[in-house]
Amino acid sequence: MEDVVIRTIEKAELHDPILVEGLPGVGNVGKLAADYLKDQLPAKPLATIYSKFFPPQVYVSEEGIIRLVSNDLFYWKSPDSAARDLLVLGGDYQGISPEGQYEITERVLDYCHDLGVREVFTLAGFAQGRVVEEPRVLGAATNAARVEAMRAFGVVFSRNDPGGGLIGASGLFLGLGRMFGMEGVCLMGETSGYFVDPRSAEAVLRVLARILNLKLDLAALQAKAHEIDRIAQKIHEVEARSPESSAPSSERPREDLGYIG
Amino acid sequence: MEDVVIRTIEKAELHDPILVEGLPGVGNVGKLAADYLKDQLPAKPLATIYSKFFPPQVYVSEEGIIRLVSNDLFYWKSPDSAARDLLVLGGDYQGISPEGQYEITERVLDYCHDLGVREVFTLAGFAQGRVVEEPRVLGAATNAARVEAMRAFGVVFSRNDPGGGLIGASGLFLGLGRMFGMEGVCLMGETSGYFVDPRSAEAVLRVLARILNLKLDLAALQAKAHEIDRIAQKIHEVEARSPESSAPSSERPREDLGYIG
Amino acid sequence: MEDVVIRTIEKAELHDPILVEGLPGVGNVGKLAADYLKDQLPAKPLATIYSKFFPPQVYVSEEGIIRLVSNDLFYWKSPDSAARDLLVLGGDYQGISPEGQYEITERVLDYCHDLGVREVFTLAGFAQGRVVEEPRVLGAATNAARVEAMRAFGVVFSRNDPGGGLIGASGLFLGLGRMFGMEGVCLMGETSGYFVDPRSAEAVLRVLARILNLKLDLAALQAKAHEIDRIAQKIHEVEARSPESSAPSSERPREDLGYIG
Amino acid sequence: MEDVVIRTIEKAELHDPILVEGLPGVGNVGKLAADYLKDQLPAKPLATIYSKFFPPQVYVSEEGIIRLVSNDLFYWKSPDSAARDLLVLGGDYQGISPEGQYEITERVLDYCHDLGVREVFTLAGFAQGRVVEEPRVLGAATNAARVEAMRAFGVVFSRNDPGGGLIGASGLFLGLGRMFGMEGVCLMGETSGYFVDPRSAEAVLRVLARILNLKLDLAALQAKAHEIDRIAQKIHEVEARSPESSAPSSERPREDLGYIG
């Protein structure tokens, strides 16, 4: 079979579209943000991406219906016909091998290029290894003008972070995107790296909404963040009562909080 | 060499054939069931599937004759010329890499599509992590009508199982099958996950026989199940006499019972 | 680059040639036997096989000259013009991935088929997990007639060995060879599996010489075997003097005896 | 996408150019030497090499600008128009799989062959497993004449080193280079194998400069080496004060000295 199969669901004419990517990763920040964005706009299904570089796996819905793992491209036409349209890329997995990452990213970029995409925003989490109360949104970009532009929206460019670079789809969509004449920005929400982190996703979306001049209702994401806080607080209290515990709190709550990673 | 090589042994004209897949996996339930079905019908060899995604291995028969590891497709023409014919897929291995799983499944589906297959049943085990006295048969399907139809045959559709989806051939034959216009059902026999489990295979075949309106003599499979029970019972007795043993019984008997996995 | 590159060194016209394969493996028995056979005949270089499925490695000779790792095909023209010629395949490595094993074997078989090869002998070690004083030569073959023929030369066909089949080149050259219309035999010298075992290689060559009606001087191989015996004996004596040692003798001498495996 | 993508930055006419390769590896000796050479000449960017056999990673500069990981080819035109020009190959990574190593090396060699390269020098570290005060430069070459020629420049050819051959790009560029009609030499600076080792890189460059008749100012590399010495000395002193420490000093300072490997 082809390494990557892209099935178009609906042919859409898009106006100077911007691609927003958010796949599973650190704290699942990128995926949470992209999925929430897609639901809020709301964006409509445009194409499904299958690949032998994903796990050989199907999901089963609560109704018992099977679905092959995939990445999924949604589109949103701005009500303002002069404004730019959006493409949102989400999905179940990133490619599970380095070569798979390259292949999938390159094919999706090629497909998006044909749809007119010349600008990309990638959403990700940035693991700090400690609890982050007020997550900042760190940035990296394909050129200096964009770095400056992003600073105006509150994006933080740190001399040292991310020191080791970005690994995975959020970096690759920008790095390979340049070969397609695309420019772009990676927005990274600070997160502990231990939980799924809707608060960090919220911070990322808040910045993105300002940049793209979108009105997003973030209430449901905030509710999710509070629910996580509540659970984390409970765990904290239990541990406070058993101070002899040697395991750091960060290693406990994974199961409760549905860590995806 | 080609990634997947399919050698046709006999050209068969089949009437609206149904593909039944059962390869090695959890409790070896799918393979036990498919092999037993093939012997009971009896089905005849149609094609052999070799692949560089299988291990580089040959088996040696008791007579000293070598055979390259393979998957094998058998066919059965119903004595009732109005009834549908069957294809049964069994074999030594599933593809040993994710990409191999996709490649092999896609090629076999393509081959079966050319033979007229539009409907697929995949047989598998579902690991419960505990001894299962009366295995139920869980299901997953490609559409809602099939879910309903299967319930009438006693197949259980659980809201939560299988939570993480299905990994491997039994899921992939359905997930990729949809790209070939095929619909289908996965039948999963509950099993502990610790032994080869003929009792679970029997439960699966009993349901399948009802669905496909086949008459199958399951006596030999029951005998095998009783033999496994007898061994498990012995192990249980030995352990009952040494209650200080801390290892759970489920972890012991693997070697005795020929776990394949 | 091509997955497998075969460079012909000399074009040779061969009379109904037989391929003898011996690559690194259990006890290095196959490689020892094939290399010794090649030197004794002596056989001349015919072709060099490079592949990206070998390690990315060069060897450096004592003179400081670099050589890319390879497999190597040698030919021997029988002085009796009515007799059959030989091809001997040796080398530094087997393919280091399952797919690589298939690819390399298939390409070499294709090349040998063009040279007229229709019969293959593969040489290997069979690990018994214990010291073997008088190694038998076990066999496996592509058809029943060959099994019978081999018995007459003292080859042992055991109902249970090798139970799990053969993994690697020695099995694959026969298993894939059948797709090229080749028949053949695998000769497996019993060996502990812990050392490089020239004695087992000698046993294999002794049988092979009878089968192929070759005169081979095995003195140098015997000398090597005696040297290994002498070292093993010393280790045994040291251990006899320190009976409290808990490590089994078989686990010690690896380094001394240059295990390659 | 193509396995390896080579983007030409500037078309250069080169006079009988020599390729000098230095990629990350043992003690990072080869990379340190090639990068320093490139800066000192100075050499200009000629081409960028991307590959799906590199990690799916981008680096972020201190200014927040993203750059996809790559290998990079630089050229230097000798001011003496009768003298030979140079190509210098450096980069972030070697291919991360054996197949990737072969593919990338083969494609870069092909590209360099088109530029007229017929001679290759590869730079590497040779791990001695102990502190090396005065690193020698060991050699390996593609033919005997080159071995002799190198001895005159102080390159050491040892009967036993490197016993296991060379693994990775420095060996492969010579081993595969021969298929492109290229001859060459590997220069290996002795190093402990525990640190990034600028002193070893300096030793290699000193020899290379003599061979290629280049004038190189090595002061900055020496300064780097002294800085490493100073840190190592401090660690040594700390350990001398805590003699009960059981960990060998070589296992400690990795983090401080920025080991890359």
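Here the chain labels run A, B, C and D in written order, and each chain numbers its own residues starting at 1.
We take it that contacts are C-beta pairs under 8 Å (C-beta built on N, C-alpha and C of every residue); 3 or more make two chains touch, one makes a residue touch a chain.
Only a predicted model underlies this, so the values are computations on that prediction, with no experimental measurement involved.
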item	value
Steps needed, at fewest, to go from chain A to chain C via touching chains	2
Identity of the chain that, by mean CA position, is farthest from chain C	A
Centroid distance [mean C-alpha coordinates] between chain D and chain A, Å	38
Averaged-CA centre spacing for the pair chain D and chain B, given as whole angstrom	53
Junction residues of chain C, two or more chains touched	none
Chains touching one another, given as label pairs in label order	A-B, A-D, B-C, C-D
Residue numbers on chain B that touch chain C, as the complex places them	1, 5, 50-60, 62-69, 96
Residues of chain B that touch chain A when the two form their complex	95, 98-99, 101-103, 105-107, 139-144, 147, 157, 159-160, 162, 165-169, 171-172, 174-176, 178-179, 186
